[in-house]
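Here chain A shows up in two complexes: once beside chain B, once beside chain C.
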Partner chain A sequence: MRRYLFLAASFSLLLGLLITAWQESRHPKPIALTPTLTGKVEYCLSCHGDLPEISKSHPVQTFGCVLCHGGEPLALDANLAHSTMRGGKNPSDFSVVQASCAGSNCHSGTAEDFRNHIQRATTSIQATYAGAIANIRYTFGVQPDLKARLGIFSVQVSQSTSGITALAAFDPTQETNPYVKAFGQNCLTCHLSAQPLPGSEYFRFTGCSACHTPTQSPDRTNTEQVQSSQIHKLTTSISYTQCDTCHNRGNYDLRTITFKPRQDHPADRLHDYYQPIAQFTSCEWKLDCVDCHTRTEAMGDGNLYSVKKDIQYIQCKTCHGTLTDLPQTRTLTDPNDLAFRLATLNPVIDLKLGDTILVTEKDEPLWNIRVLPDGTYELFGKADNQRYVFRPVKGSACTQDPARQDSGSCHECHSVER
Partner chain B sequence: MSNRTLSRRDFLKLASAAILALSGLLGLEGLFRFLTTQTEPLPPTEFDLGPASNYPPGSRTLLADIPALLLHTQSGFSAISLVCTHLGCTVESKPEGFACPCHGSRFDLQGNVTRGPAEKSLHSLRTGITSDGKLHVYTN
Partner chain C sequence: MRPNFLHHLHPPTIPARQARLRYTLAAGGLAVFLSLILLVTGLLEMFYYIPTPDQAAASIQTLTFLVPYGGLVRNLHYWSAQFLVIVTLVHFLRVVFTGAYAAPRRFNYLLGMGLLVLAVLLDFTGYVLRWDEGIRWALVTGTNLVKSIPLIGNALYMMLVGGTQPGPATLIRFYGWHIFGLALAAGILVAWHIFRVRRDGGIAVPPPPLREDQRRITRFELVRREVLAMLLAATALLLLSAFAPAPLAATITASAPVSETARAPWFFLWVQQMLKLGNPFFWGVVVPLAVLVLISLIPYIFPKPAKPELGRWFPKSNRLAQAVALFILLAIITLTLLALLPAS
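Now for the complex of A and B:
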């Protein structure tokens, strides 16, 4: 019996060693990378060497993979290597973005306020959804006014021009009103932390990548499906189709407190651009959203707001001016002007010192719009790289009412029929 | 010729010994691999550029491996690191100086910052000529 046991033990030992050797043989040959920024070896490229560079601003030779994604840098076993990754495939999800993308030289914690993207984005109304929540609670009598009190997650700021310095987390299970409860169950699908609705037309990531990682082809006629596993890209060149994953896909029905998806799926841009009942001008469907709407409008300015219109301020007159005033401009004399930084990140325009660009009423650079010598303006599409020339209202036959500068008024004459 | 048959006891002994020997070999192979594993080498800090005479006065030579730009002026050899002082990307040499392709920093021909986000000049690297006339650049 002892001999049998000894033989069995020997066989078990050999089997264990063989299994270990087999597992070892399955590991890829290590390919070492020592990123300039960290100076620490990582083996991620042993398996992921075929991934494209994520962006010109984040070259792998400088950043490596682990700085943003986390993970075990020296592991060759996939499960072990991925075990401590942040946010799965998406380190920009707001639950982990501070660990992934922050830093005084990166996207928060810098003395330059305009570069504190994480602080601004996580307090933006697209992240907090505070406006929608406040509106629904007010509509159904749960709160006395439209002032935001709750957000998707709790957040606070040290000071806020809006007077709102903190939002508590919205918890639908604590709501007693059935409509508000249903809103929490059915309608929280379009904030920056929400998983997208099923369907390729809704497909996007969360956090920063919801906008900055293109999951939608800029060309609606391109029927090739974008595979999430193939997307390794960060960009400020954002097509309207990316915005459409939330903004042009349907409506929330207040009677049933459900989302009603848009039923038509036109492939041409003219019909795709706006919801069927909306009026729009040609620039609104020829351009991409980011050509007019600024980074502050989309990503917030660090203040907490109750409604979208508190942060969204671009109007037709911002670029076209009024009957009496030309749009505001700035001649670039400082090489450190923010306009140069933004034009570097998305080089659709070759800005030079001495160029005059348009600026918004809040002095944000419209860096893709340059004043031409003849008094007209050239705009370069941030997503499609197309050049458009337009002229100011002043001196034209436009009969605008200076007191009515909202886009709705301009649509009375300039809307495009479909 | 003997007509000897292998007893069950001997077979078990032989099989156990063979299995243990195989296990030992596998274990030794693993031990050998463990002991001979080399850590990743540290990046070099000294670069031999060959004969200094290969770099005539007035020349500007891009040294992609370092990366650096070697200059031979009237005052001798000097080298400017092409690692951006912002986050470490490799800057590109331009007629007017250097440009970082990552975040847009600009430097003049001497490596001084002309546009952020970089705040510090490009580093100057030490150069030296060995007794046999070879030019060396040091990154530390």
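Now for the complex of A and C:
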């Protein structure tokens, strides 16, 4: 009896050892990576080896994962490894972007050429939502003018050409006007720190990734939705469908202070265009938003503004000129010209020294538009890679007064019927 | 059969009653077995552990996740340590609830109390060596408790922490205490404790004329039983360690404040709960020390257990000591459970 007990106990220990070995064999096999930028080993790829490279500018062998995402580099337990990640899946959220994307060698470089992207983006009107907040508070008599005083978060700049150097945080609970309160509850879904509305058509990330991580297919007719967990991508090739996660999705109703989603289901690009009653020309629906609108318009120029119009300045004439003037151009003579860097980041055009490109009224390069020898222009779509050729107004049959160049004036003749 | 080395560590024969599982609960033997496992696994861990604030947590993660069977070694060390505290407590309760501390075993009872304290301190210092987010309570509240002691508090704090705030000196001191100071003291006390068990006539049973059961077992049988117990304990420990990983938290980030939800290690939860009552010196130092002194004095201040009643549970002669121990036990369990309740 005692002997059997002894044998059974020995057998149980042996079995325990075998089970332990089996359990050990189930642990993930460590896959080490020592990114050249950090020089510190990390083991994220043990589980995440199947993730695609996030972008050509951030090769995993150089950056690794932890530099941007945080987390515990040595842990092979998912909960522990992920416990200190910045911003969950999205390290570019503005609450953590300084730790993730900033740095003088990264995206908060010198102010020269507006390279402090973090500072620009976090003071931009898309981040502060200062315009909408000021407008609503002015409309309902809470503030005496349209000048921005409040933003989604409090933010300061050392100097500002707009005269606004600081915004306090907008706190709807501190507002007494019921409409402004309701605005705070119902209408804060489209700034860069806001979680999007439910629904795949609204789906985007926050922070930098709201625009730079493509959550929407560039082709609206492609109904295959990308799974959020599988998007590991940063791009400067931003399709209009990404802009549409906020823009073009419906209207805010001022009487009820609610968002009214658009009810139509456009089947093609033409009918997908912004407001149903708007007038627009072919380039406004054929091109992508980023083909004309510059990076400072979208991401700000480091100043705090009260309203979108303060920063958005591209007009038809920027590319087409007027009856009297051709659009402004620049011949590329400096290999360090900003245009080359932008064209490298999104290589849709083979810019060469000596090429002449269009520039905006503020001297921002329209690096995807080149002057052709015959006086026409070629534009390469930043998102669709298509080549478009267009002519200047000067020398055409157009009779538009050069002093009246707002889009409404151009649309009087050049609008698309649908 | 010729007795081998292991047999020679035991007396040739002992009264059968001394080796009865339902009397001893095998607690003392398990404590020795767990201590041996702790010694071996601890020595293995020392090959990987780096006792500096910026490397400690990372080196534990390396050991846990990247060294083959390193996680198992750490889990074995962790679970052995937790069970050591538990079986030491069980051993203490067995001694009180059977009146086994009666003279001539009063001094060995004190040695045992010393070992109980050492087991808790070793567990505590080992836990601090993790140096990750999970030990913030110990690092901040625990060390500040020392400061609350009048007159010597600040000097004691400097000795323990090695500076005005926890840092590299603190970690290396805890490491020194854990692997050397406390471990050496524990080793000496264990040897002394076991020596005194034999010197005092083995495990407490009535003197020979008063024994109902006169049977004896040989050292061969005793060693067989011990090995059997070790095999079963090792299996249980192994399976637990294979499937229940020892706790680990994120690498500590400097200057993050200690959160309200930071918990003490489980064996100090009762102290943490008492600290909510007010004065940290009284509730965090005086009361725990008073409890320790009170239970240490049990053999000296309470009625002596009667010799014929030795070797059985709950003798009538020492009911008062049993009641005191039970009250303290229930109080500690209640405080621990209260501390585990989510903060409302």
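The rule is short, and it goes like this: the second predicted complex is superposed on the first by the 388 of 418 C-alpha atoms of A that agree within 3 Å, B and C clash if a C-alpha of one lies under 4 Å from a C-alpha of the other, contacts with A are read in each partner's own complex, and residues count from 1 in each chain.
One rule holds for everything that comes next: a residue touches a chain if its C-beta (ideal position, glycine included) is under 8 Å from a C-beta of that chain, and two chains touch if they have at least 3 such contacts.
As the structure is a computational prediction, the values presented were derived from the model and not from experiment.
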item	value
Touched partner set for A:T36, first chain B, second chain C, both or neither	first
Contacts of A:Q23 with chain B and chain C, given as first, second, both or neither	second
First (chain B), second (chain C), both or neither touched by A:L13	both
Which superposed partner A:L146 touches (first chain B, second chain C, both, neither)	neither
Chain B versus chain C as contact partner of A:D77, first or second or both or neither	second
Contacts of A:N336 with chain B and chain C, given as first, second, both or neither	first
Chain A: partner with more touched residues, chain B or chain C	B
First (chain B), second (chain C), both or neither touched by A:L372	neither
First, second, both or neither for A:L5, with chain B first and chain C second	second
Chain B and chain C footprints on chain A, overlapping residues	6, 10, 13, 17, 20
Chain B-facing residues of chain A, complex	3-4, 6-7, 10-11, 13-14, 17-18, 20-21, 32, 34-37, 41, 56-59, 61-63, 105, 335-336, 340-341, 344-345
Chain C residues touching chain A - in the complex, by the definition given at the top	58, 61-62, 64-66, 68-69, 71-72, 224, 227-228, 231-232, 234-235, 238-239, 241-243, 245, 248-251, 253
Contacting residues of chain A [partner chain C, same complex]	2, 5-6, 9-10, 12-13, 15-17, 19-20, 23-24, 27, 30, 43, 72, 74-77, 80, 83-84
For the chain B and chain A complex, residues of the former touching the latter	9, 12-13, 15-16, 19-20, 22-23, 26-27, 29-30, 40, 43, 83, 86-90, 101-104, 106, 114-117
